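These are the structures, in structure tokens.
Below are two complexes that have subunit A in common, paired first with subunit B and then with subunit C.
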Partner chain A sequence: MNTPAIDITNLSKTYGPTGAPAVDDVSLAIQPGTVFGFLGPNGAGKTTTIKIAAGLLTATSGGVRLNGFDVRTRRAAAMSQLGAVLEGSRNVYWTLSAWQNLVYFGRLKGMRKAAARSRAADLLTELDLWDRRHEKVGGFSRGMQQKVAIAAALVADPPVVLLDEPTLGLDVAATRTVKNWIATLSADQGKTILLTTHQLDMVEELCDRVAVIRDGRVIADQPTTELLSRFRRRDTYEIRVEGGPDQLPLLPGGFTAVRDGDGTTITGDVADPQQVYALVDRLRERRVVLRSLTQVQPGLEDVFMTLMKEPRHV
Partner chain B sequence: MSTITPRAGSVANEIGKGLLDLVTGWREMVIQMITFPVFYLLIVLFIGRGQLRADLLAPVLIGMVALTFIHEQVNRVFWSYQGDIQSGVLEQTYLTPLPSALRILGRQVSAAVAALPTALSVLATGYVAIALNGGRLAFDVRILVPVTAIAVGTGGLALILCGLTLVYKRIAIITQVSVAVYAIAGGTLVPLTSMPGWTATLSRLFVPIAPGIEAMRNILLTGPHSGWGPAWLLLQPVLLLGIGVAVFTALERLARKRGTLGRY
Partner chain C sequence: MSDIAAASWREALPGKTPAILAAEIRKGLATQLAHPLGHVISLVVGMTMYLGLQFVLGQGELRADLLPPTLVAIGAYWFLQYSALVMVSDLVEEKRSGTFAQSLMSPAPPWTLMTGRLLTASIFGLTVAAAASVVPAVVAGVSIPWEPAAIVPYLLLLANVLAFTYALAAIAIRSAMVGALQSLFTALILLLNGAFLPLSLYPGWLATVARFLPTTLGIEAVNKALFGKLTLAQLWTTGALPWLIAHTAALTVLGGVLFVRNHRRAVRDGHLGQYQ
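And now, the complex of A and B:
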């Protein structure tokens, strides 16, 4: 096993002497080249964790290492490993042009001017912003501004990238652009990406591994496929029939019926498929006309919602 | 990874950005170039009971030039820092291997450069007013030493105010009051020799423009020399800058602990 690109160890943060912990004993080891989805409801501790990892906030206990460099004790070396897009912030100067921003942030990261200019040119070309490089960022659309923010985070070509809600407020097209870029950064450039977002379809598509945090504690941390399959032990079936629910036989436990236009949809969450077959037989006996029978695979959103409802987890 | 440049590169980067901001806000500079000379003439008129007296024009001119630097270095840097906090860019500027105090010092240099056009405008007005009143103010290159001392000492004050902003945010009033108090206590309008002894002592100790103004008056104006001499002129700004860096670093650490770095 390699040295984790992001190594969070027993991290805790409490604001004030009597406050509840915003982050409580969080440990995550994120391997190089991984796209890591960090999920949780608002106020769960995602941004606090990210800010500690970025050295913007001091932990009450525990620590974070970026490619082996402790953020607290070897800050300069750790910051050389890092680029970040932070949630709800402009991240770049709107009064400056895209070009000026990238050169400024490149030099802020310690690059020489010529290197910063060369890299800025590459990034702006890659993002289709080259023709508008001398326009002020304040005049750009939200999607373009976010592109500049991500480019600024990547200008020094850091191996570790923290993306805190990078698609917040973006339209469908801009979200797709950001999503494609994240995929490219990981697949082609081997960057380690810690991604937080409420767009779970994006996490399911992009992330190799997912951790879920609730009330400051990590309640799940698994490869995405394993996390999904863990919740596939109980399968969800959807049976669509003609007519209203009043014609149905008494449904066994675990099944619910809801009117769906001129028909009814019966949904069941069962451990054994035989329960479904038995129900179908009973529907036939009652001469209920079946329209469809489908097995619904739980997506990450279903997993997330289930985790949020459960009292305790792994 | 690209090559890491020396820390000087970070200061140069901030100076460059400060100058870009200056170009963007050129209208503000033009307004200052007009209002500051008017303000200067009004002060002389008020002190001279309605007359532009030759004996007041030169001493007040020196104080006014110094005030221009403290105004730019404190207000421009403070408000740019507040703007960074409010817009959420400040946190992004912290994701750097370089110390943040260096960035503020870079902004100080660009603010000092930004002060030059206004200072020159005040100087030109003063020279004309003095000449029209039959006086003469000879330029002496030695005044560059106290001007530099003023700029360095003011950098310390600006660092303290920026550090306070990181923790307490809405301290604009403190900035305004401190500039006003420093302007008065620094001997801008009334020379330190005309103040009570204890006031003059405190000013020479803590007010970054006080020894500089006194030294400029000593160099440019005839009359008895005052102040604590050239050693203190050089030492005081260095001490204030050192205190500024120490206070800023401590407040920055507190902001990181409280989580107020990017919060407004």
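And now, the complex of A and C:
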């Protein structure tokens, strides 16, 4: 196994002498090239963890290493590994142009002027911003501003990228652009990405591995596929029929019926598929016309909601 | 600062500090010059008010005996005003927008970035101060004599202002309320540092209070060299230079201590990136 690109070890953070821990004994080992989804409700500890990893906050105990460099004791080397887009921030100077921003942040990371300019040109071309490179970022659309923010985080070509709610406030098209870019960064450039977002469909699509944090503690940390399959012990079926619910036979336990336009949708969580077949037989006996029968797989959103209701476990 | 933190900075980008400083200065100046008209209007209004006030105080004329000493003071005021704009107002705005946090994710230590801000403040502040002093002098037809002995107190005057704005910037790391403090001090300094009347015309107690404010001791020392023709040795023996050095050193220590303390607390409490 490689040295983890992001190695979080027994990380705890308590604000003030009497406060509850914002992060409580969190350990995560994120391998190079991974897109890692870090999920949790608001106030769960995601941003605190990211701020500690970015060197903006000290931990009460434990630590974070970026490609083997401790953020606290080898800060300069650790920061050279890192690019970040932080939640709720502009992240770039709106009074400066996209070009000025990228060159500035490149220089701040220690790049030579020529290298920073070359990299800025590549990124701005890739983002279709080259023709507007000398315009002030404040005049850009929200999506374009976020593109510049992500480009600024990437200008020094860091191997580790922290993206805290990178699609917050973006429209559908801009979200898709950011999503595609994240996929490219990992697949084509081998970057390690720690992504927090409330858009769970994006996490499901992009992330190789997912951790869920609640009340400062990690309650799940698994590859995305394993996490999803863990919640497939029972299968959900959806049967759509014509006509209203009044024509239906008495439904067995676990099934519910809801009117759906001019038809009805019957949903049920069952351990044994035979229960579904039996129900279909009974519908046929009552001459109810079947429109569709679908096995519904639990999505990450279902998994997340289930985890939020469950007692703590790993 | 802990030994660990100190050790972690020692490896920071050896040899790249000048380039980072240059980038910080270029960014700072570009940010300020993004809206140049605001500065021009501010300067024109300020210079007009200054000349108008001198005209009133001179009972209908710009008096050659009163105006030159106040030109040094008004220049020092503008230097402080624009240094504070870069060091404090920009910092508060950057903390609010999150760009301060972004810049701190540089391998460069935070004091390198703060030094870059100080240099930006010096360049921008000096340019504005020169305009604010020279234009009224030309309009009023007065000249400021050249005295080599004034160079040292003038440099100390600049250091005095920068140390003060550094202390304000250190407060800005923790609190956005620094804006009120900044406004209070700049107003007091404009009223009491001799920009309107030479300090010698103030009541004794008020002159003493004024000398505790930034710029006042520096302006006095510069004026004594320029207009009193005192040498450096005489500035020393009259106490003008030792008091100026002591005041500047005290402000520098205050700024340094506040910066280290507030930076450490901000990193501990999570205020480094944005205000909470």
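Everything below uses one rule, namely that the second predicted complex is superposed on the first by the 314 of 314 C-alpha atoms of A that agree within 3 Å, B and C clash if a C-alpha of one lies under 4 Å from a C-alpha of the other, contacts with A are read in each partner's own complex, and residues count from 1 in each chain.
The criterion applied here is as follows: a contact is a pair of C-beta atoms (placed from the backbone, for glycine too) under 8 Å apart; a residue touches a chain by one contact, two chains touch by 3 or more.
If you're wondering where the values come from, they're calculated on a predicted model, not measured in any experiment.
With subunit A as the common reference for superposition, the partners subunit B and subunit C occupy clashing space.
In the superposed model, A:Arg119 lies in contact with subunit B only, and not with subunit C.
Shared-chain residue A:Arg90: touches subunit B and subunit C both. Within the superposed three-chain model, A:Arg282 lies out of touch with both subunit B and subunit C [touch as defined at top]. After overlaying the two complexes on the shared chain, residue contacts for A:Thr73 are found with subunit C alone; subunit B is out of touch. In the superposition on chain A, no contact is made by A:Arg240 with either subunit B or subunit C. In the superposition on chain A, no contact is made by A:Arg176 with either subunit B or subunit C.
By the touch criterion defined above, A:Gln100 reaches both subunit B and subunit C. Within the superposed three-chain model, A:Asp157 lies in touch with subunit B and out of touch with subunit C [touch as defined at top].
Residues 15, 48, 51, 54-58, 75-77, 79-80, 82-84, 86, 88-96, 100, 104-105, 107-110, 112-113, 152 of subunit A contact both subunit B in one complex and subunit C in the other. Residue ranges on subunit A touching subunit C, taken from their complex, read 15-16, 48, 51, 54-58, 72-77, 79-80, 82-84, 86, 88-96, 100, 103-105, 107-110, 112-113, 136, 152.
Put simply, subunit B touches subunit A in their complex at residues 1-5, 9-10, 12-13, 16-17, 20-21, 24, 87-89, 91-98, 103, 253, 256-259, 261-262. The part of subunit C that touches subunit A in the complex is made up of residues 4-5, 7-9, 11-13, 16, 19-20, 22-24, 26-27, 30-31, 34-35, 97-99, 101-109, 113, 267-270, 272-274.
For subunit A in complex with subunit B, the touching residues are 15, 48, 51, 54-58, 75-77, 79-80, 82-84, 86, 88-96, 100, 104-113, 115-116, 119, 152, 156-158.
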